[in-house]
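Common to both upcoming complexes is subunit A, partnered first by subunit B, then by subunit C.
Now for the complex of A and B:
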């Protein structure tokens, strides 16, 4: 039984994670290189157009772009395993250095946003289910539907227009004012608008899902038994129904990480927020292979990790998933 | 003295897009302390709805359109859910048809029973709750209760689950147990065990029981009194003896004729012709008239009242009117010779 040996249990999961990331890196490497575009542009800029064939050849040789793709991949892998992910063609420095500072910015925006979405959606969903078909429920559902139909970038622009241009309460872009990188209150001020968009555009979908799942549970047969033994609405909703939807909520939230991450990337671009999103966009546009590679693997690893975490949580909450390999030892037979 | 449970002219309707569905129509009966009353009828005749409406377990689109429910002489018809919560479990509780669906799959059996123990005794000590759960599990015949306490519903077979549901239902010593087809979804050998268990417990604890079934054979094993329901109405009610040996309503006759035990060798098993009516826009008169080979002209026009046959025996059929033609029933009389 896998629970008895945590080393095997978690070892297996880590192995799956590593294999998935490796596979992902192969796919990204090939797709990136097969995509049209000239990587030399990102390294040399406009000078590329004036290069002679010989110069081009030399430049490609120099950047290691002439070899067959699998040779390039193996070289990249060898270096990557040593912690060397190459240099960015555009920034001409180690990609880790390029990503470093921006990763924190994205983690702040996406991470806090995700937690807020997670908690608020749960709260709103429960609130709606509790007041099923009453005015509060209807209001939240209608407002949510309308807001989630508005495209993020348009909503961002409207909010910038209102709060940054007309009212001048909040800054319109970037993560901090120049020279105030360490000023926390300044950073929070810069976060408010993008965070509102990240949370506001995703929240409703998940809240609505929680609401519907809860209402489905409330109509389940076991609720009748819980009611008939005298439990009140609160205990039934929180102790019985919520418990049955949390596993699927967790796995959906884990799978939603790329969705929310994707949204963050768009919002970063609109607010010129210096995060991974803007960087990914640039690196894909300019064929900055090493940077693109690392960014994709990072995003991919986060997604895979979240899925594995979701599964692990699921197995711990839902007893059926935990023990499905050991049922024969506990199977109960009718004794008359 | 007031009856333990008294239902007076109760009507329950569902609001559906097609119109008002009258699931229970003008039902009256009473339940004495300690007795087993069986509710018998075809699927969809309103038996379950009747039980659930007594405990107010029906969903939003159902409403009581008339009549009253009295418990020990107290009218609970207009009780709100909050008031009902205090009665459920203690005054009455319910065992449902499908034990596969009525237990919460993510909470251990012991915990679900313990919850039922704690509902009305929130200050009870942990150890006392545990002891009570053990006692209940033994009462319903769950062997090795200590091990079973931590197991989950999916570890349990159907019969064992139904035993657990019974333990939950009995946790707060209810005065009334509503058993809604508790054996229907179990296989036949287990059915008999659960039925015997129900009867045993009923005699041990003296819990008054409303036993819902569509199976007259099952009812014969357990009931003190029997009420036969058709299209949301009680068409005949009496002691088990009266119903089985002296049935008066053509529907009761038909139900009995369709029992395999009464079939003669070489003859095809009797089935009631036609289908039960839909409960939206019922025709005037007796709802059973169109399927009734003894139907009189008046049956199609006017609803028959309850005719009294003895102190305990009533039936709603125009055949009992003194002007009705005398017919020899195909059932009853000759069976007990």
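Now for the complex of A and C:
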């Protein structure tokens, strides 16, 4: 690892990032076009069925769907580098415009959710480690195991059933009531249920990880030394043990971004929350190529970036880690 | 007992009886029993089912649980009690089959990456990262579209080939640690091929460290199937599985038919919970010393 020259070090990382994103765009482009389905349907709707052959030809020519895939890709790339990502077949406006309106919603849901998970997991983990093997610790672990087994969509259904249908306290879908897009309290009301699911389904895994890391840490020799010097439990745990695990927690949270992001996709779809998740679900199902490309690249870039950040953090904590060593996670892969 | 010991004040202590741990001690018995009941019930459901799970009794559609329909009926008049066992068969099959596919890919990919020279290893790992960065949901939708209409095999395949990365990473790390040990070199000197080394020397060594993840992969695959079917991109309604039963639930919510959501969901969750408990048991036990705090 080249510590002497930070420019080389970070330049290399940026290069890797750009190459990865480029490769990602090639893969998505090919996979999306290999999937059968008629992109014309998403552009013209039901009118496609009434079109004559000549009209179809013309339409495909017009949208540039007739050329071989690599020609289409190069054309897309050329335009994309100029900042022109094409138009969405379904919404018939610039994809940037389509995404722009939705991005904020997802950032609110995912971003606040992420911060909440980060903070709450830390708190719960410390609480468990503090009360190790006592009833509180056991209770939290048991409840966590059970909740983490519940599929996100089912938990959403149950909460909708209870709070939206039986109790009628909270709205069951969308991000705001019609005509109230600017009303903040209305938005918060719509956010409560999806946010609960985002946080609730991911929180336990990270809390459990914090707990285990802390429990390993309190068995180290230096804790005994600190104790014999007369420090109390609180200051040992917070000022010494916690400090030691925070960097590795940061790197794990950076890798966890795709999982939380993926979970948000499903939750958005269940709640028909107008964000990136529902949009990409639509675009993949109805072959809205340009939209799909940009969405995949956007989320892919975020994920790759987070991976690189995690790697950088890890290298700074532990210089033994080789530059290209990938970080181990024992995260269970689930749809998302 | 010798008298001398008694005189100096040493009491005779009965020799500690060797307490032999019974085979079942420390094992997740309840989970194993419940899972066994569910597995056997699903396997042999043909012998005890009261009704044909696919028969649509339209006179009794949307019936709440009663003496005739123990778990009620769904919107198409099918008996939910029969569907649960019959559908569980398919859900569990998808879980196992998808896991077999992903484990096979993971072992192969991990071993190649672990044994390869550094540049190839780096390249493969970078590719895995890119693969991981495509949102899983979108990848599944696209792959499913390429494969055509979803059926049990195609959906297991799609779930299998999207869920191998985390196991592959562990396999790679383990292989890198043992690839230079004497017995592997010896085997290679004697002319053993890649697959022989992989099967005879590497797999027995890393199998224990991936076992937990493999079990969790079964759980993940079952969740994936139900999520996909729920979203309407998985199994169609005619193919009964826990997921496709739940895909009716959004409509049943408005009619207040709680049993259509709750019952398949509870079966699903109980199964997942049992699998998780067994998986956690398989995870290497950490040596717990006394806390210094």
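Assume the second predicted complex is superposed on the first by the 283 of 336 C-alpha atoms of A that agree within 3 Å, B and C clash if a C-alpha of one lies under 4 Å from a C-alpha of the other, contacts with A are read in each partner's own complex, and residues count from 1 in each chain.
Keep in mind that, in the parts below, contacts are C-beta pairs under 8 Å (C-beta built on N, C-alpha and C of every residue); 3 or more make two chains touch, one makes a residue touch a chain.
Since we're looking at a predicted model, the values are computed, not measured.
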Partner chain(s) touched by A:178 [first = subunit B, second = subunit C, both, neither]: neither
First, second, both or neither for A:219, with subunit B first and subunit C second: both
Winner by number of subunit A residues touched, once subunit B and subunit C are compared: C
First (subunit B), second (subunit C), both or neither touched by A:54: neither
First (subunit B), second (subunit C), both or neither touched by A:81: neither
Which superposed partner A:244 touches (first subunit B, second subunit C, both, neither): first
Partner chain(s) touched by A:230 [first = subunit B, second = subunit C, both, neither]: first
Which of subunit B and subunit C A:161 touches, first, second, both or neither: second
Contacts of A:145 with subunit B and subunit C, given as first, second, both or neither: second
Shared contact residues on subunit A - subunit B and subunit C: 219-221, 224, 227, 233, 330-336
Interface residues, subunit B side, partner subunit A - complex: 52, 55, 57, 59-60, 81-82, 85-90, 92-94, 96, 98, 101-108, 115-116, 119-120, 143, 148, 151-152, 154-157, 159-160, 165, 168-169, 171-172, 189-190, 193
Complex interface listing, subunit A residues touching subunit C: 16, 20, 23-24, 27-28, 31-32, 34-37, 132, 145-146, 148-154, 157-158, 160-161, 165, 212, 215-216, 218-221, 223-224, 227, 233, 236-237, 241, 258, 261-262, 265-266, 269, 277, 280-281, 284-285, 292, 295-296, 299-301, 303-304, 307, 324, 326, 328-336
Touch list for subunit A against partner subunit B, complex: 133, 219-222, 224-233, 235, 239-240, 243-244, 317-320, 330-336
Residues of subunit C touching subunit A in the complex: 122, 125-130, 132-143, 145-146, 148, 159, 162-163, 165-166, 169-170, 173, 212-213, 216-217, 219-220, 223-224, 226-228, 230-231, 233, 246, 249-250, 253-254, 256, 258, 261-262, 265, 268-269, 272-273, 276-277, 280, 286, 289-293
